[in-house]
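Just passing along the structure, written as C-alpha cells.
Just so it is clear, A, B, C and D label the chains in written order, and each chain counts residues from 1 on its own.
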Amino acid sequence: MESDRLEAFSDGVFAVAITLLALDLAVPGPEAHHSLAFKLQQHWPAYAAFIVSFLTIGIIWVNHHTLFKNFARIDRPLLFLNLMLLFFVVCIPFATSTFAAYLAGGRFDASVAGAIYEGVFVGMSVSFANLFWWSIRHEHLKIALTPAVARTAMIRFGIGNVAYIAAVGVAFISPQASLAISAIVAIYYMFEQTPTPRTAPASDDNLA
Amino acid sequence: MESDRLEAFSDGVFAVAITLLALDLAVPGPEAHHSLAFKLQQHWPAYAAFIVSFLTIGIIWVNHHTLFKNFARIDRPLLFLNLMLLFFVVCIPFATSTFAAYLAGGRFDASVAGAIYEGVFVGMSVSFANLFWWSIRHEHLKIALTPAVARTAMIRFGIGNVAYIAAVGVAFISPQASLAISAIVAIYYMFEQTPTPRTAPASDDNLA
Amino acid sequence: MESDRLEAFSDGVFAVAITLLALDLAVPGPEAHHSLAFKLQQHWPAYAAFIVSFLTIGIIWVNHHTLFKNFARIDRPLLFLNLMLLFFVVCIPFATSTFAAYLAGGRFDASVAGAIYEGVFVGMSVSFANLFWWSIRHEHLKIALTPAVARTAMIRFGIGNVAYIAAVGVAFISPQASLAISAIVAIYYMFEQTPTPRTAPASDDNLA
Amino acid sequence: MESDRLEAFSDGVFAVAITLLALDLAVPGPEAHHSLAFKLQQHWPAYAAFIVSFLTIGIIWVNHHTLFKNFARIDRPLLFLNLMLLFFVVCIPFATSTFAAYLAGGRFDASVAGAIYEGVFVGMSVSFANLFWWSIRHEHLKIALTPAVARTAMIRFGIGNVAYIAAVGVAFISPQASLAISAIVAIYYMFEQTPTPRTAPASDDNLA
C-alpha cells in the first residue's frame, strides 16, 4: 500500500494539468469585426494541440497506473524520479498554449514553439523510461519481469523517446509535421501498452 | 479494488472542471461608468450557464460514482472509454464560458456558441452511454443486470442523448431555449438514476 | 466505505477552491508609476478577504471531515445535499475576488460585493446544516446522537447561519464590518467543533 | 487510517499549487516586434523561479508523505497546523509569479518581491517544523523517536528555517542571491530527509 499516496498526488497533478489544457480553447469575447465561427476557425492550432496533449497526458496516466499497481515498494529515489516525470507533465499546458499561439504565426517562431513542445515530451518520456528502468533494476516490482520482457519494454520506450527527439528536429523543417508525429506517438501508445509482470510468467512471445 | 485509481483520477478531473466553471463569474473591476449591480445584471448568461453546467457535471459525477462502485474489474478499453468521457468533461468550462460570452450577443454567434455547448453535452452523454454499454456487454459488473433492467437503462441514456442532440438544433432557432433544454435534462437525471444491479435481482418492475 | 469517493471528490473541490483563492493576490507587473510595495499596500482588501476565505474553506473542510467519518451510509439525497454545499464552496473564489476588487472602491459597489460575499457564506452554512440535519434524521450515522447533543449541534449551526445573514445586512452599513463578522465566525468555528457521536454516549454535559 | 483524508486533501492542494506554478511560464502571443526566442530569453526569471518553487513544493510533499505515514492518530490541533502549512503552500504560486515579474525589474521592487518569496518559504518551513514538533510532543507517532533522533530532526528543520530567514535579508542585498539560497535549500532537503521512527530503533548514528 506504500504507493497509494504517490499515486494520489500524481493523479492530482495529471488531473489538474489535463483540465488546465482546455483553458486555452477560449477565444476572445464578442466584438464587431469577426464572427465567433471565424474566430474558432482561426483558432484551429489550439484545438489540434489540445487533442494531442490531452491524449498524451491521458496515456501517460494509463501507463503510470499500469506500472504502479505492480509496485511492491516505493523508495526515496523513486519519489524523485516520479517528481521528475511530474515536472514535465506540469509543463505540458504551458508548452501546448505556446505552440498553439505560435503555430500559425511566423515560421521561425512556430519552429521554436514546436521544439519546446516536443522537448517537453522528450523530457516526459525519458522520465517515464527512467522510472521503469529503476523499478526493474532495484526490484521494486511484485512480480519480476523476465529479461526478454524487460528488453521488449525498454525497446518500446526507446521508440517513443526517439520519435519525440526526431520531432524536435522536424519542428525546424515543419512545425505541423512535428505535431503530427506526437499525435502518431500518442496513438501508438494507446495500442502498445507497458508490459506488466502479470503477462511475464506465461510467455514472452505474446508481448513480442 | 482495481477501479480505485481510475475513480481517483476521474474525481480529480471532475473536481477541477467544476471549480474552474466559477472563474467565469467574475466581472471586470471597478470603473467609473457602471455600477457593480449593473455589470452583474448584464452578466446574467454567465450565471445561468454556470448553474446548468455545475448541475450537469455534478450529476455525471453522481452517476459515475453509482456505475463504478459496481465494477468488478477495469480493462484497458474501459480506461480509454473513461478518458473519452473526461475529454468532454474537460471541455465543459470552455463551452460554458463561450456560451456565456456570446449568449446575449449577436444572434448567429449565440447560436454557434449554443451548438458548441450542447455538442459537448452530446459527446459527454454518448461517452457515458458507451461506458455503460461496454460494462454490460463485457461483464465487468459485480452483479449482472437482467436484460429488462439493461434495456431500461439504455432507454434512459437514449433520452438524454436525443435531448442533447435536439438542443444542438434548437440552438439555431433559440439559444436560450437550448440552454433551457440542458437545464431540464439535468433536473431529469437528478431524479432518474442509472439503474444498478443492486436493484436488479429483486424485480424489474420497480425500475420500469 | 461507501463515503470514500464522496469525500475524495469533495476534497478535490475544497483543494482546488482554496488554491484558486490565491490567484487574486497577484498585482499588475512592473510599470514606471508605482513601486511594488505601494501596489501591495493598495491591494490590502485582497489579502484580508483571502485570509478570511482561506480560513472559512479550511474550517468547512475540517468539519466536513469530522462529520463524514461518522457516516455509515450515503444515499442519493445526501449526494445532492453535498453537491449543494460544494456549489457554494465553488463560488467562494469568485465572491472573494469580487469583494476584494470593490471593497476599497465606491460605497454602494462595496456593499453589493460584501452582500454577495456574505450571501455565499449563508448558502454554504445553510447547506452544511442541511447535510447535518439529514444525517441525524435519516440515521446515517454510525453512532446516533443523543437528542441533547443534536440540539446543541443545531444551535451551533444556527449561530453561524444567523451571523452570516446579519453580515449580509451589515454589508450595506459597512462592508468592512461585514468582512470582520465572517472573520469572527471563522475563528468561532475553529474552536467550536461539530459535535460527533463519539462523545455522545459519554455525557451531554461536556458538549453543552 | 485516520490520516487518510488529511493526506488526500493536502495532496490535492500540493497538486493544484505545483501545477498552477507553470501558468506563469507563458509569454505574450505573437506580435511584430520580438521573436518568441527573444521573449523566452527575457522571461528567464520565470523559469528560474518556477524550477525552485517546483522543487520546493515537491520536497515538502515528499517530506509530508514521509511524516504522515508514521502518524497513528490525527487530532484537531494537527488539522489546523496542517492547514497553516497549506496556507503557505497556496501562497507559493503568487509569490513565485510576483518574484518572476519583478526580479529583472527595478532594484527595490526586486528586493521586495524576493523578501515576499522567501518570507512565504519561512512560513512554510516554520509550519512544517511545528507539525513535526507537535507530533513528537503529543505522541501521535506509531513508533516514538528517540530523543537523539528528535534532536537531530529539529536541528535539520532549524537549518532550513534559518536559511530562509537569511534569504529574506539577502533579498535586499541581491534578489538573485536569495533565489540561489532557496535553490540550495531545496537541493539540501532532497538529500537530507526527515528522520522517521523506522530508523530510530536501530541506531542514532546512521542519522547523525
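The definition used in the following text is that a contact is a pair of C-beta atoms (placed from the backbone, for glycine too) under 8 Å apart; a residue touches a chain by one contact, two chains touch by 3 or more.
The structure presented is a predicted model; accordingly, all values stated were derived computationally and were not measured.
A.B. asks: If you fit chain C onto chain D using only Cα atoms, how far does it have to rotate, to the nearest 5°?
C.D. replies: 90
A.B. asks: Same or different for chain A and chain D, where same means more than half of the interface numbers show up on both copies?
C.D. replies: Result for this pair: different.
A.B. asks: Taking the mean of the C-alpha atoms as each chain's centre, how many Å separate chain A from chain D?
C.D. replies: Comparing mean C-alpha positions, chain D is 27 Å from chain A.
A.B. asks: Can you give the whole-Å distance between the Cα centres of chain B and chain D?
C.D. replies: It comes to 38 Å between the two C-alpha centres.
A.B. asks: Which residue numbers or ranges of chain C touch two or more of the other chains?
C.D. replies: Those would be 8, 11-12, 15-16, 20.
A.B. asks: Give the list of chain B residues in touch with chain C in this complex.
C.D. replies: 7-8, 11-12, 14-16, 18-23, 25-27, 29-30, 35-37, 40, 54, 58, 61-62, 65, 69, 190, 193
A.B. asks: Which chain C residues qualify as touching chain B in the complex?
C.D. replies: 5-6, 8-9, 11-13, 15-17, 20, 76, 79-80, 83, 86-87, 90-91, 93-94, 97-98, 101-102, 105-106, 108-109, 112-113, 116
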